[in-house]
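Let me begin by handing over the structure; questions about it come next.
Letters A, B and C mark the chains as written, and numbering starts fresh at 1 in each.
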Amino acid sequence: MKTEGTVVECRGLSRTYNDEGVPVKALDAVDFSVTRGDFVSLAGPSGSGKSTLLNLIGGLDHPTSGSVFVDGVELNDLSTTQLSDLRLNKIGFVFQSYNLIPVLSARENVEFIMQLQGVGTSERRQRSLDILTSLGIGDLGERRPGELSGGQQQRVAVARAIVTRPALLLADEPSANLDSKTTSELLDLLRLINREHGVTIVTATHDALVMSYAARQVHLKDGRIESDERTAAAAA
Amino acid sequence: MPREAATALPAAGSARRPRGTPLIVAIAWRNLWRNRRRTWLTSGGVAFAVFLIVVARSATVGTFDVMIDNAARLLVGHVQLQHPRYADDPSLRHTLQDATTISRAIAAQPGVAAVAQRAQAFALVAVGEKSFAAQMMGVDPDAERRLSTLPAAVREGRYLEGPHDVVIGSALARNLGAGLGDEVVVLGTARDGGVAAMAGVVVGIVETGINDVDRTVMQMPLATFQEAFGFGDEAHMIVVRLDRIGEVDALMAALPEPGLRWVTWQELMPDIEQMIDLKMAGQFIMFGLVALLVTFSVFNTFAMTVFERVREFGMLMAIGMRPHRILAMLELEALWLALFGVMIGAALSVALVLTLAQVGIPLGADVGAAFKTLNLPDRIFPVLSWPALFGAAALMLIAVPLAGFIPALRTLRLTPVTALRTQL
Amino acid sequence: MTMPMKLLVQLGWRNLWRQRRRNIMLLAAIFVAVAAVVLTNALIRGVQYDMRDSAVRNLTGNMKLYAPGYRDDPSILQGFELAEGWQPAVAPADLLGWTQRVSVPAVIMSERETRGVTLVGVSPQDERTQSFLGTVAIDGEGLRDADDGRILLGSELLAQLSTQVGRRVVVITQGADGLNREAGFKVVGSYDAEGTGLEKAFAFTGRAALQKLLDTQAVTEVSIRLNDGANETAVDAAVSHDVGALELLDWRALEPLAAAMYEYSNVAILVLFLIVMIALSFGLVNTLITAVMERVREFGMLRAIGMRPGQIVVQVLVESTLIMLLGLGGGIAAGIGLTVLFADGIDLSNFAQGVEMVGLGSRLTPRLMWDDVVLVVELSIFLGLIGSGYPAWRAVRVKVLDALRRGT
């Protein structure tokens, strides 16, 4: 189900923060685009701008100048509510930790986002069970986040992020709180959904293991793209 | 954020610690200001309780003082000296002998504003063809002018001067069809059982707004009364008005007057005293309720504080602070919080009461007019109630640390390892 | 905007139980406040209606007719006669009853004492619906009928006159010709109006017997009692249209003090409610703000995965409304329970004379009014929403990025 085309298009993207009166350029006139079905890792040291770029793509942050298109829609033109709906319908998020609703069970966390979309009860249940099963945690659906391990929590987060079949999955330091074994499992999972489900993935990380799974490695430094290359991992 | 502030605390505390103040007291005060909004809200509740108690009590004390004083000044005074049986059986026989001498002795006491002798009896009053029963009062006009507001309540004519002058209540005048200058004839029973008779001229009509008085009272000079009813230098009561109502006990102690009986305003006007008691009971229930609600809010504040700072407490224990010291620190925070709230509440309420004491609180036309008949003023001048101020302060200074204590107890169950591992 | 209310309510409900201890305390505070307000409202209403009833029952009626000069000169000379078959212009559904009285000043003398009173000639049958005479405790006998020529005195007056039931007293009063009548009356009984001023002020005899003594067919007043719930103003207008030169006065005009206290009670209920709610609000707002602030990350995450700002606001409001409704429901149930528990009245006899001064009986009976309960519910929810307004605003102002960065 791979479809050709551009999912993300950034043009002349800059973001300047005000750090106690001193302007800091987190992103400096970056042009960047992602084709559908790609698996991209944004890498670079702290402050290189990788998280800023990811946040701008996700509509969580507003550029100082330049523009971002997601699936052909320019984010600058959208209201707060429209941005919410864009994230709800087109973008899936996986954060480094604490990213589940603590009072809902794993299954309910997955269902939550479909409920916001207005998906019917029985379809919701079926899809959440299917996705949890396909990610290997079908038997943990009734546990609350507090009763799950870190790796299990991240799997639920991935399930929640992809259950709505988003055009784009954004993962910010997904391995930050995981040991290397769990990280490998999570990355296998991401590769699987990238290949099997055709979900476009962009991840910001400084973890070499994560980078090694990506088909395209983008390195940032001081707010600019330093290198952008296809890797052997794409073929692996 | 809490964690950063906590690590900064010991250094800052030791550097600028005032001499002699235990560091923990300063830490407690500074901790209070880590969550400003919460501290303001919680101490705002404490301040509200103090404010409410002080203002409400001051307003009512002001009302009661004036109410008692107005009622006392109309006729009955603050305290009376009577024959021991007069209160139960107000007959002509139960009189005080040598009333003038005793009056002089009372008048010489400090704190006495006015003294007046009176003799009273019910008799039939006739004006022309109409007759009605009235309470005759033999009074000393000059003394009454000092003691009673009744002389000032003359609506038509003037107060007593000559020996044959009488003044009567407005409703009595209406019932009798009597006007100024009309001759009245009084027929009653004298002390010896014979007929008491006298004639007088209406020189004044009195309207006090008190139905009982306007309907029944007729005053005449004491000497005229004594002559008509067969009295010597005797009276039924010696009425005393004091400079301050609180001096009643001192006067009674100074002049025990064996064989006679002092009757205080509480006994003379039991309705007023009970109404005060009733109103106070109602107020104290309300105060209790408000204090309880504020206490709930303090409890919650400390439950939240303890919950948020578990990791900090773990750190403090890890560096060697004992759990009971942490508990003590929390209790000091509660005490600071209470003190802060009490100060604000006290300052605001005292400022308001002192301002209103000058300006007065108008009651509105309808209520004001109606309250007049109850001896209530139509404008309330609050009197700052020190007992309410200290009582409210004490209540809050006890209730707040108590309410904080229960959630703070949780610190005793903490161990450094579990506390440090707690995720927020 | 789509608002998945079921989802938000479910989420709100579970969130309440995350901080069980804190929310139980908040719930308890709302519960206590609401229960206390419901009970005190019922007590204030009890006082209010008690005051009105005793004002109305103390020979005042809901309204009275007088000849125009009577209030200045309360004598039989200011009497009037009603046309044969006259009825007050009141719908039968509103009318509890009416009666005519002769009310004149009189002097009462026993062998030893003399007192002035108002002597009232009544029809004892009519008074059952009209005044306290129908229900008051009587030592001895009551009056038989309008022709009963004996006299009923208040217990306190009886004591002041140093006489007893069965003895005779002499009454002097002015007749219709302006001349005094003097007549002996046998004391048929004494009534005990709980030590009120009535006992000293009023003596009763049969109306026809008194008219005979005064040589008149006239009466001095007509008293009308209405059923509870009758529209007093409308009845007022209808009756006054019908009575010609006579003066119609309702109880508010006749008893201005009771009327002022009656109105004052309406204000007192609101003032008390506001005081209690202000005291409650400090803890409420505090707890709700904390519930938002400690979940900043969670709100950021919800925003990031696509929850709209409006939905966040609604979620906070739902949480606080849930807790308010829980406390409110429990508090109202408990308040009503307490009202029922005290339905027999609270004994105020320790304050007997004080409560008499403000026109109360010696038992304080709560009176639960549905309108007051509804008002408490409405105002509480309204105040609850205001109280959660700030926390909700804080929640929506959370910057997604800042929130997500926290604790990383």
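The rule we apply is simple: contacts are C-beta pairs under 8 Å (C-beta built on N, C-alpha and C of every residue); 3 or more make two chains touch, one makes a residue touch a chain.
Model, not experiment: these values are computed from the prediction.
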Remaining connected clusters, assuming subunit C were absent and nothing shifted: A | B
From subunit A, the most remote chain by mean C-alpha position: B
Most contacted chain pair (by C-beta pair count): B-C
Closest chain to global C-alpha mean, per-chain Cα centroids: C
Centre distance in Å when subunit B and subunit C are each reduced to the mean of their C-alpha atoms: 26
For subunit A paired with subunit B, centre-to-centre distance based on mean C-alpha positions, whole Å: 72
Centroid distance [mean C-alpha coordinates] between subunit C and subunit A, Å: 67
Residue list for subunit C, restricted to those that touch at least two other chains: 407
Subunit B-facing residues of subunit C, complex: 19, 21-22, 25-26, 28-29, 32-33, 36, 40, 72-75, 105, 107-109, 112-117, 172, 174, 178-180, 197, 201, 256-257, 259-261, 263-264, 272, 275-276, 278-280, 282-287, 289-290, 294, 348, 350-358, 407
Subunit C-facing residues of subunit B, complex: 37-38, 41-42, 44-45, 48-49, 52, 122-124, 129-134, 172, 174-175, 177, 188-189, 212, 215-216, 270-278, 281, 285-286, 289-290, 292-294, 296-301, 303-304, 307-308, 366-367, 369-371, 373-374, 407, 424
Contact set on subunit C toward subunit A in their complex: 1-2, 4, 7, 11, 14-15, 17-18, 297-298, 301-311, 400-401, 404, 407-408
Subunit C-touching residues of subunit A, taken from the complex the two chains share: 55, 58, 60-61, 80-81, 84-89, 91-93, 95-99, 101-104, 112-113, 115-116, 118, 160-161, 172, 176
